[in-house]
Amino acid sequence: MIRDPRKKYIIFFLLPSMLILCVVGLFPFFYVLILSFHQYRLTWWGKPWIFVGLDNYRYIVDWDRYWKSALNTIIFAVGSTTLELLIGLALALFLSREFRGRGILRTLIIIPLLIPPVSIGLMWRFLLHPLLGLIPWIFKSFTGVTLSFFETGSTAMLSLILIDTWEWLPFMFLVLLAGLESLPKEPFEAAYIDGASRWQIFRHITLPLLRPVMVVAFLLKLLISLKVYDLIYTVTTGGPGHTTETLSYLVYRETFAYFWMGKGAAMALLYEYMIIVFAVVFVRYALLKARG
Amino acid sequence: MSSRKNSHIGSKIVNLAIYIVLSLLLLIIFLPIVWIIITSFKPEYVVRRPNVWMFTPTLENYIYITSIRPIWKPVLDTFIVAFSSSVLSLALGTPAAYALARYRFRGRDDLAFWILTFWMSPPVAFVIPFFLIFDRLGLLDTYFVLILAHTLFNLPFVIWLMREYIRDIPHEIEESALIDGYSDIQVFMKITLPLVKPGMVAVGMLAFIFSWTEFLYSLILTSIHVRHLTVEVSSYWTIAGVVLGPMTAAITISMIPALFLAFFLQRHIVRGLTLGAVRGR
Amino acid sequence: MGRYGVMASTETPKKKLIFAAVILAIIVIAGVSAYYLIWKPAAEKVIRIYMEDMVETEYLEQILPEFEEETGIKVIIEKASYEVMHEKLVTVFTSAKGYYDVIIVDNPWVAEFAEAGWLIPLDDFLQEHPELNVNDYLLSLWWTVGAYWKDNKTYMLPWYNYALALMYRTDIVSEPPTTWEDFYSLALNVTNPDEDFYGVAAQARRGYKVVEEGLNYVYGFGGNVFDEHLKPIINSTEAVEALFLYGLVVWKAAPPGAINWEFDEAFDAAQSGHAAMMITYNWMIGALNNPNKSATADKWMVAQVPGGFAVLGAWGWAIPHNSPHKDLAFQFLAWVAHPETEKKLALMGHAPTRKSTFLDSEVNSKFPYMQTLYKVVNNSLPIVPPVTVGEQIVHILGRYFSDSLLIVKDYLDGKITEDQAKSQIMSKLTAAAQEIYDIMSEEGYYTEVFTLPPPWGPG
């Protein structure tokens, strides 16, 4: 139940965050917005921006590569986030029960997320080396088959998704674990007394109660996946061909490696608008439905 | 009662299956970590022979990263920034989440969405203007600027997650307290916060981790006085190959402070005081 | 406090703890920031260098004490990963306050930095220091990381080269191949997947790598990226033949997954005894024969790449326009670019840039293959001449070369004929040429007719 606002309290609670977001976040946003209507290369230092109106946006809309990357991005983001949600949920359920060593296990499980971004890609390149890597070596000892993970577009994308899942499981795990621990106890106690099976409890009590948190976690992690750059850069640089090139990779290269600031700004903003549209739909339907 | 017995055996099998699957999962998660740690103890001539397991362990990689390319300052600097920005995000974000969860006012959901849009933008687009402002202000290469940047990026997700966790708490408790005459702030501090502790700990840890592994802004906004771990570790990637020994040693050492913090905190992700106790039953 | 008594008492310590933590954090930050912003440490003579952490850097660090003693200047080298240097450097240049006194610039970035006015021209400095003898530098290096052809000013001094060369196992290959066709048949001959042994440890990852390797093939067939008037000519039949052959090598004579390999994967495959040949930086011969780094030490030899013309890459020293200690920086430059200094470094294993070093007898007796390396560097050309969109051109080629390799795979899988494959590759290269043409004209390279200096010419 939501109370009627006592105005001064809203301001008190919201003001500090809003202050930071506005002061620090709005200037860069307007800078990028204005830049997106100009042509400018950072190496034209000292020279004025050239106004080009909507040209940058027009160029991008016609640009095949942009839309192909968008598709790759969706595949990557949805694939990895879904996998993480499922496995993360399993882990959270497992580690929410009491058992010895639970504390240590819960601590150690966040390690993949602690590894610096560049190193993750690099270490997996070593681990997945077809001739020398640990994983193919183990596989070969059992089956005699040489595994090669990045030879085609689909296997490369799949491998990236798996690596990302390995890296981000702790995120889902933590969020869902906290969610599980926050659930009220009564429904569970009542169901247990009524003789419900574990599966029934899970399906009819845990899941529905946990759904809002799951949806928000899914959304947040999805948004993270849409920004991935380091993983792709270190493991495949968008290859083979153009098969693992995502929008975030494209935006990064255009803006920050080749310094076409105007075009890059337009690409970034267009990308953001697309995400916003998607998120509006997602929040309206998935989240509100989950809240019931 | 045979159905009871069958379900008992059935559930035992299901139990076993679950344990096996989950153990496999944990194995997959930890195998690469074990590889990192073992590799960090390998001497140079073995380091690039990944499947050699018999070797004389050496501390030469650790000596390298503590004397020739000291990792202490990056670890300390990164810890300071991560700790500060996560505490700051929680301190600012939880009240905001409370307002968004408990109060109804016009534009509330729009505001919440607008906050989330900061989480949607590709960071790379904004790093140059960010850099330019703080360059003019002379604040580059300070802890302050990096903490600010990380807090900016952490706030949206802190607010959104905390909002869900707060919503999970039944409102009746707060209602009774308000009826009893407590002010909104007292209710927030003394009732909501304790009950939402698991969420705060989890979100705080995540904010810490995001700051700990942030790369782009750490690279661009700092150079000499503040050294970030991610930038330091990235320098082990040279065009003549990855310097695997020191890099794995650096990763291993840098994990330790974060893990200590996590171990200390994860105890608090437990079901807190139950509602039963609250209602005085 | 009635019912809430329990909670109130258990919460206060925690709240206090958080409060204390926040206050502590603020104090620490404020204090440390104040220290750096307000109270500056006593000014010593210190210069900072921003460069990659390579073996070269270690050699430099070994002889730095001599410089420090001679001049009293302390040198701090900040090591960075190549992958992030470009982005970082550009922000450093645009900052009001400079951080680095001397930097290393990679050849694709030279024109970019020079045209933006970010590097201090060195012509006056060179006049004052004739002992640096700029004519001693190899011609291919001089116009790559030395003088800028467009305005004829010198912005950098060559530091080292990374021209590509052929590494081969002397116990498997008796005579290094001199044409790419021979190279391919030799590689195919020794490939034996059942024994995990392959002809070439290829590095065909999209991006810089595939161009760095593939362009050698193109050069060998007589193709090139630009003509001497900066018009893209990559879409030639020679280039198509070259890339087709390169594709055959990658899919049939190289280990599985080579399509995505970069240096690490290939080097490990070669040094651990899974490949007979590798095309890589000429000074890698040292690492391949080093028992500390290679399981096949002393089995490798270096030769020119088949076709006799290789891809060149190089780094040079430069001084940023906002260098905080310009005069100290110049002092450093005078020392590090001195022929004597290079000779000292070369004796440790550094890749030379001067004719005098390559021809020095001491250096040659220590490194018997030095004459081969000399030939390699003399007959090499960078991927792109110094133009302001160098980095971008490399990556345009990177994408289309990678696409071409996938086309060859389709052919090998029987999905298309050889002629179809070659014509598809031709359209890819034409698309590449078009993209290159577009950005070059956007940067104004076709408003007048430019002609590149001597090292460029028909490939």
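Order as written gives the chain letters A, B and C; numbering starts at 1 within each chain.
In the analysis below, a residue touches a chain if its C-beta (ideal position, glycine included) is under 8 Å from a C-beta of that chain, and two chains touch if they have at least 3 such contacts.
Everything numeric in this text was worked out from a predicted model, so none of it was measured.
*Asks:* Whose C-alpha centre lies nearest the centre of all protein C-alpha atoms?
*Replies:* Central by C-alpha mean position: chain A.
*Asks:* When B-C is set beside A-B, which has more C-beta pairs in contact?
*Replies:* Looking at contacts between chains, A-B has the larger number.
*Asks:* What is the chain whose Cα centre is as far as it gets from that of subunit B?
*Replies:* Result for max centroid distance from subunit B is chain C.
*Asks:* Taking each chain's centre as the mean position of its Cα atoms, how many Å separate subunit A from subunit C?
*Replies:* Computed from C-alpha means, the inter-chain centre distance equals 32 Å.
*Asks:* Approximately how many whole Å separate the CA-defined centres of subunit B and subunit C?
*Replies:* Result: the chain centres lie 35 Å from each other.
*Asks:* Could you put a whole-Å number on the gap between the CA centroids of subunit A and subunit B?
*Replies:* Distance between chain centres, rounded to whole Å: 14 Å.
*Asks:* Of all the residues in subunit C, which ones touch at least 2 other chains?
*Replies:* Residues 81, 83, 87, 94, 264, 268, 272 of subunit C touch two or more partner chains.
*Asks:* What are the residue numbers in subunit B that touch two or more other chains?
*Replies:* Residues 49, 91, 128, 132, 234, 237, 242 of subunit B touch two or more partner chains.
*Asks:* Residues of subunit A that touch two or more other chains: which are they?
*Replies:* Residue numbers touching two or more other chains: 42, 118, 122, 126, 129, 132, 256.
*Asks:* Over in the complex, which subunit B residues touch subunit C? Could you list them?
*Replies:* Contact set of subunit B toward subunit C: 44-45, 48-49, 69, 80, 83-84, 87-88, 91, 128, 131-132, 135-136, 138, 140-144, 147, 177, 189-191, 193-194, 219-220, 223-225, 231, 234-243, 273, 277-280.
*Asks:* Where on subunit C is subunit A touching in the complex?
*Replies:* Residues 81, 83, 86-87, 90, 93-94, 112-113, 115-118, 193, 196, 205-207, 210, 255-257, 259-260, 262, 264-265, 268-269, 272, 274, 388-389, 391-392, 395, 398-399, 402-403, 405-406, 443.
*Asks:* In the complex of these two chains, what residues of subunit A are touching subunit C?
*Replies:* 41-46, 118, 122, 125-126, 129-132, 146, 148-151, 156, 233, 235-242, 253, 256-259
*Asks:* Can you list the subunit B residues touching subunit A in their complex?
*Replies:* So the residues of subunit B in touch with subunit A come to 7, 11, 18, 21-22, 25-26, 28-33, 35-36, 49-51, 91-93, 95-96, 98-100, 102-105, 111, 113, 115-130, 132-133, 148-149, 151-152, 155, 157, 159-161, 164-165, 167-171, 175, 178, 184-185, 188, 195-196, 198-199, 201-203, 205-206, 209, 212-213, 215-216, 229-230, 233-234, 237, 242, 244, 247-248, 251, 254-255, 258-259, 262-263, 266-267, 269-272, 274-276.
*Asks:* Which residues of subunit A touch subunit B once you look at their complex with the stated criterion?
*Replies:* By the definition above, subunit A touches subunit B via 1-6, 9-10, 12-14, 16-18, 20-21, 24-25, 27-29, 31-32, 42, 87, 90-91, 94, 103-119, 122-124, 126-127, 129, 132-134, 137, 166, 169-171, 174-175, 177-179, 181-186, 197-198, 209, 212-213, 216-217, 219-220, 223, 226-227, 229-230, 234, 248, 251-252, 255-256, 261, 264-265, 268-269, 271-272, 275-276, 279-280, 283, 291.
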